[in-house]
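Just below sit the structures, each encoded as structure tokens.
Below, subunit A partners subunit B and then partners subunit C, in two separate complexes.
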Partner chain A sequence: MASSTRRVLTVTASAVALGLVLAACSGGSSDSGSGDGTAGGSDGGSSDALDAALEQGGTIEYWTWTPQAEEQAAAFMKAYPNVTVNVTNTGGAADHNLKLQNALTAGSGIPDVAQLEYQSVSQFQLPGSLTDLTEYGFADLEDLYTPSTWGAVTQNGGIWGLPQDSGPMALFYNEEVFTSLGIEVPTTWDEYITAGEAIKAANPDTCIVNDSGDAGFTTSMIWQAGGRPFAVDGENVTINLQDEGSKLWADTWNKIVQGGLNCEIPGWTDEWFAALSDGTIATLPTGAWMPGVFENSAPDGAGKWRVAPMPTYDGTPANAENGGSTEVVPKGAPNPELGAAFLRWLNSDPESISVFLNSGGGFPATVAELQSDEFLGFTSDYFGGQEINKVLVEGIDNVGTGWQYLPWQSYANSIVSETLGQSYLNRTDLNEGLVAWQDANVKYGEEQGFTVSTE
Partner chain B sequence: MSGDVSTHAGTTASTTSAGTLASPSGTRTTGASRAKGRQGVAPGYEHLRPDRHIHRSVALTVVMIFFAIYCLLPLYWLVVNSTKDYGSLLSSSGLWFGDSFQLFANIGEVLTRKDGIFVRWFLNTIIYVVVGAGGATLLATLGGYGMAKFSFPGKKSVFAVILGAIAIPGTALAVPTFLMFSSLGLTNTMLSVIIPALVSPFGFYLMWIFAQESVPTEVLEAARVDGSSEIRTFATISVRMMAPGIVTVLLFAVVATWNNYFLPLIMLRSESLYPLPLGLQAWNLEATGVQASPIYHLVITASLLTIIPIVVAFLSLQRFWQNGLSAGSVKA
Partner chain C sequence: MSSVVAERPGQVRKVRRRLTGLWFTVPFLLVFVFVFIAPLAYTIWLSLFQTKLIGGTSFVGADNFVAVFQDPKFWEGLGRVSLFLLVQVPVMLAMALVAALVIDSARLHGIRFFRIAMFLPYAVPSVAAVLMWGFMYGERFGLVGNLNGWLGTDFSVLSQQWLLVGIGNIVTWSFMGYNMLILYSSLKAISPELYEAAALDGAGQLRIVRNIKLPAVQGSIVVAVIFSIIGSFQLFNEPNIMQKLVPNLISTYYTPNMYAYNLSFTGQQVNYAAALAIIMGVVTAVIAYVVQLRGNREALK
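And then the complex of A and B:
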């Protein structure tokens, strides 16, 4: 038995070694490939290299879960017939990140352009998995985008992508509920809580909001309250989920959760879409991309919903971003210059943005589109003829600056339900839940080799 | 399963078969004796045996009914809700039908959506199952038989490797397998799903034990004396004796391959190569995120279509499986 065990170990060890050698080989070749790219565009931010790459043509791989991607790629290939774009639909952010991470680890099969949620940029940028687009002259494009989306794709002295869309928050509300109960649409969180009590009192099965501890919602709400719980400086990460803003949000939201004013309906489920249709949920504080989702997914809510600015804490307008994506060029991509050229067209060319907005819906990140009369004057039947974009665009100016996500944000989001979520479940102090979430993140960050402080 | 056994228990008769059967697997008596029962049923016995069992198993019957409901309720839900369009799916009760009967409209939409990609996923899954699960069964049968009936140097270490392989969950190996396949340039190909599916340590182990029990060495020796080659003996005699084991392994392999999710998720990028579970999840994901546009009614209808072949396979193979179990054990 002892000898056979040894043989097994030998076989396993040689298999692992073989795998490592093969991985090392392919890693080496792709390194030299990107080295060539750097040499080509080394003399400080030139977009000429990209024009040349477009002229020369070639094939690139584009991984995304954006529904309009195929149509955008088709328009691109029409404009640049020498280039072929293969679009791979990766389904959704979670599977997408997993596949991208695996390809990067393997060092082969890396796409030339890939979508990333804003909250995942750090996670791929810090380990050095993204190409700095400064070398291709992308700094000149800054003025095209809203400050908060540009901030989301630039960090640690580099430009890592171009914004695809944005999600400044707004308060979506079911006007029918408010009219029938004779209550005003809240402009502050205090009024919001009072309205929540009135809604609950009128019908215990309804609620002002559905929330049972969602990571994306929580971070955006802390952002709106002025909290900046995460700070990343290279390997040094600060996590303080008890800073002033985080506490302000938790103390306010405690009144909703401990008062039982929220519904525990999980988002993005059939139950949720039904509750949005039939008035069970009276308001939804979320990103400006929500109108398209309403029309597609809650058809019976047509005519009932309206948009208002986010309620404030003290009367001073404040806002945050919720959701949204960028496209990036991963390190080790076989054709980084052509990838960057496609990316530049994808998120800055008016034709591409027009396809994006008109066939699928989404909220733009580009100033020109956000300020156009056509966009601002758009009236939505679903929202009872309201000029919703005027309200949504106004929210952009109030988005607080300086927000950062953790370098392991997807992991952090995945443990929200077992930490913060417990406070929702037991209707106990949300601050305790935030501290539990913080502790788990400190532990994980240190395990990953970061220097984590809580000050 | 319980229903099947109790209905056939009535045909059980021959005491001789019941007597011989007790030794190899006591729990299978009813299913096993059913096969033997065909030859001659003494009418008097039909009433005796079932009656004795019924008195003892009232509590058991209640428990079984409870579990049957527990198992069948999700299926019922699936059938009922696949008849609804998106609107009535949200507005009507999940346990009863909606206003209109949309099943055929839903099926039509499932089959034609995105140029019939669902049909493509269906065919992919069939390829993965036929080649992957079929190959796994073939390899497990050959290997298990060889291990049971031949001796060769290193047999013990093979035993250790197989036991070790059973202990490691496939999910844990998925990422290392991906990295290895990536080095070989095999990711995002059908082979990347089929090759790992070909290896079934559990099936191998099962066939080994089964061959040991069901193929008497004396029979093989007799065949050798009569001048039959090893391959001919295997193909004409041993395979038949091992049939129930083969079907069991096949059933496990088919179900595992049909439902395989995590490995294809990691290996495949192109939608055109997806098996059904990945495709269903891709449609399900259309209900989340910034550009959400849920198609739950199609996901539900597609799920119903997805489980039909596996239900059919299970029901038809199960019968074969029980017959075979007795055929093997009687020989002893």
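And then the complex of A and C:
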């Protein structure tokens, strides 16, 4: 503790000194560029400043955990030889957010472009840590993206990033398990529970799903059930994890958890990947970005898996987003214009998106790619030759609107295990766990100065 | 510190000479101030404020400290590491003592091998150690899973009842050899004449252990106990890494150090975490001091 606070101190001190130098540099070098940009674009926005910055060149820092990032940066530098992009692989969302938050707090070492999960945008935007890209004419790019991903990067009257990928949910299932037991792939959650009971009865070591209380999964499932537990309006936050949709999900999922139909294998562990490969886990309701993960991390499952639309509650198709990221330009970045120019290329240029799709199996957020015949007609060997993208893209239209995350979603996610997770652990009513999670968030929100209500 | 000797009357003219001495200690003092005093002062400074996402920073005096004392999460974590301390440390030190005595007895073959083998875990980075043990504890693919398969049992280390024991096992594995080495080195320092005299008086091995070796290592045991107390109160790596394996069993406030870490880095409550860190520092220092005082008194008997 003591040593880390000291680091903050010295970092802050050097940041002040560094900041002065940088301010002096950028003041001199980008005068012409930013002059044009702000003159033309205080309201409608202009991209002239970005073109000027690209021409002038320079070096930018890009923090991401996207596997394709290095390759995308290389393609960018080939197209714009004046610009150098230093890619820092931050490993994963949790470490990444921590690192970014620390840089922002210290005021130094802030990257020019950084990846953020959609669920973290609010957390960084609200304290003013992100650059509004409206001034660079990003509003013109709206039509390129699906409505739900565009909605995820715009809030409070600003544009804070461009969508990189999306995660409309789908039901991934191990066909071998279903055919060997002679059961149909479920289309409703009732059928899903019946199938879960059959799978458990056939072999107690297997299960229909692995879930022991995961924040991202829980919020997406509540979203799909029609719940909108979080509403943020500036400093006013509403948290109601007992609204109709939240209850509907909890009551349904209670049958799985209390019936012992789930495996308690934590996600993203070796054990999990092994269980996905060998038929221990029969289904996985998750985001459309999953096929790439399957191929890379569970290669032994090849040929066994298929994709189906998400089961519904009452036969009416309903869906939600799970995961997905955007790139943003943090406030205090040394080279925001060049950063924004790179970001624009990264998530809107067909060449970049092509790299993103082809060298890592990403799922795009751009309408053109989602509707292209090449994308829709793609047959996956891993999925036994199924045209998986047709199923996944269909799911986009059913994504419910109006979902919001909390302005402290990272923190909220970190305490899911000790609240909701306890209901999983003791196999008690998940509604109680949701209430415990809500209470902890209300307490935190009030401590942080928000006006929190639960209605 | 030695330069700040209390002044006596009549020594005023020595002040200048003493100031000369001070100049020689400036390099040390600079480092000392930057590395020890500044972080402490900054932590104390931080603990007096409160920063909110909405509303910014304000001075709150001792409010953070009052809040820590009223925080059940803090007490739960402190209770857990105290229990850990009371059970794990005696077990580990007893094992270390026995191992040191055995190796010192010179009655074993391959002493060097055992000495190194026991010390080796200390050289394994704790992250690697936890991952390794975590894998062995696994019920599906790990050693525990295999044992359950052979024995037809359903035992689980990664369960509510056994998790702390499992963590204690990892810590013991890591630090037993280290403590053994501390004790062994003080056994080595015993003068051979004492053994000679003991042999002349007809003392047996057990007698030598009780009347010569144990009294000789008492000081080292006090040192080892103090290190272990500090280590227990700072328990962090093992539970923090294992949290990924058993998220529902390890809360963000499982130990006081984890609580401070999560408060400051996930919850952005740096000020509250600073207050918690100061309280834990004081608690640790007081307990370590009491142990040292008692230990020294015992040693003088």
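The rule we apply is simple: the second predicted complex is superposed on the first by the 412 of 455 C-alpha atoms of A that agree within 3 Å, B and C clash if a C-alpha of one lies under 4 Å from a C-alpha of the other, contacts with A are read in each partner's own complex, and residues count from 1 in each chain.
The working rule: a residue touches a chain if its C-beta (ideal position, glycine included) is under 8 Å from a C-beta of that chain, and two chains touch if they have at least 3 such contacts.
None of these values were measured; they are calculated from a predicted model.
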For this session: Go through the superposed model and pick first if A:Gly109 touches only subunit B, second if only subunit C, both, or neither.
Result: first
Exercise. Now for A:Pro299: first (subunit B), second (subunit C), both, or neither, which partner does it touch?
Worked result: first
For this session: May I ask you to decide whether A:Ala274 touches subunit B, subunit C, both, or neither, giving the answer as first, second, both or neither?
Result: both
For this session: In the overlay, answer first, second, both or neither for which of subunit B and subunit C A:Leu98 touches.
Result: both
For this session: Identify the partner contact of A:Gln448: answer first if only subunit B is touched, second if only subunit C is, both if each is, neither if none is.
Result: second
For this session: Give one of first, second, both or neither to describe whether A:Gly323 is in contact with subunit B, with subunit C, with both, or with none.
Result: first
Problem set entry | Partner with the higher number of touched subunit A residues, subunit C or subunit B | B
For this session: Residue by residue on subunit A, keep only those touching subunit B in one complex and subunit C in the other, then list them.
Result: 1, 3-5, 8, 98, 102, 269-270, 274
Exercise. What residues of subunit A sit close enough to touch subunit C in their complex?
Worked result: 1-6, 8-9, 98, 101-102, 126-127, 212-213, 235, 265-266, 269-271, 274-275, 407-408, 410-411, 414-415, 417-418, 421-422, 424-425, 444, 447-450
Exercise. Quick one: in the complex, what on subunit B touches subunit A?
Worked result: 86-87, 89-91, 154, 156-157, 159-161, 164, 175-176, 178-180, 182-185, 187-188, 265-266, 269-271, 281-282, 285-294, 296
Problem set entry | List of subunit A residues in touch with subunit B within their complex | 1, 3-5, 7-8, 11, 15, 19, 22-23, 25-26, 63, 65-68, 88-93, 95, 98-99, 102-103, 105-109, 165, 167, 268-270, 273-274, 277-278, 287, 289, 292-293, 296-300, 323-325, 360-362
Problem set entry | Parts of subunit C lying in touch with subunit A, wherever the complex brings them together | 35, 38-40, 42-43, 46, 52-55, 135, 138, 140-141, 160, 243-253, 257, 260-262, 264-270, 273-274, 277, 281
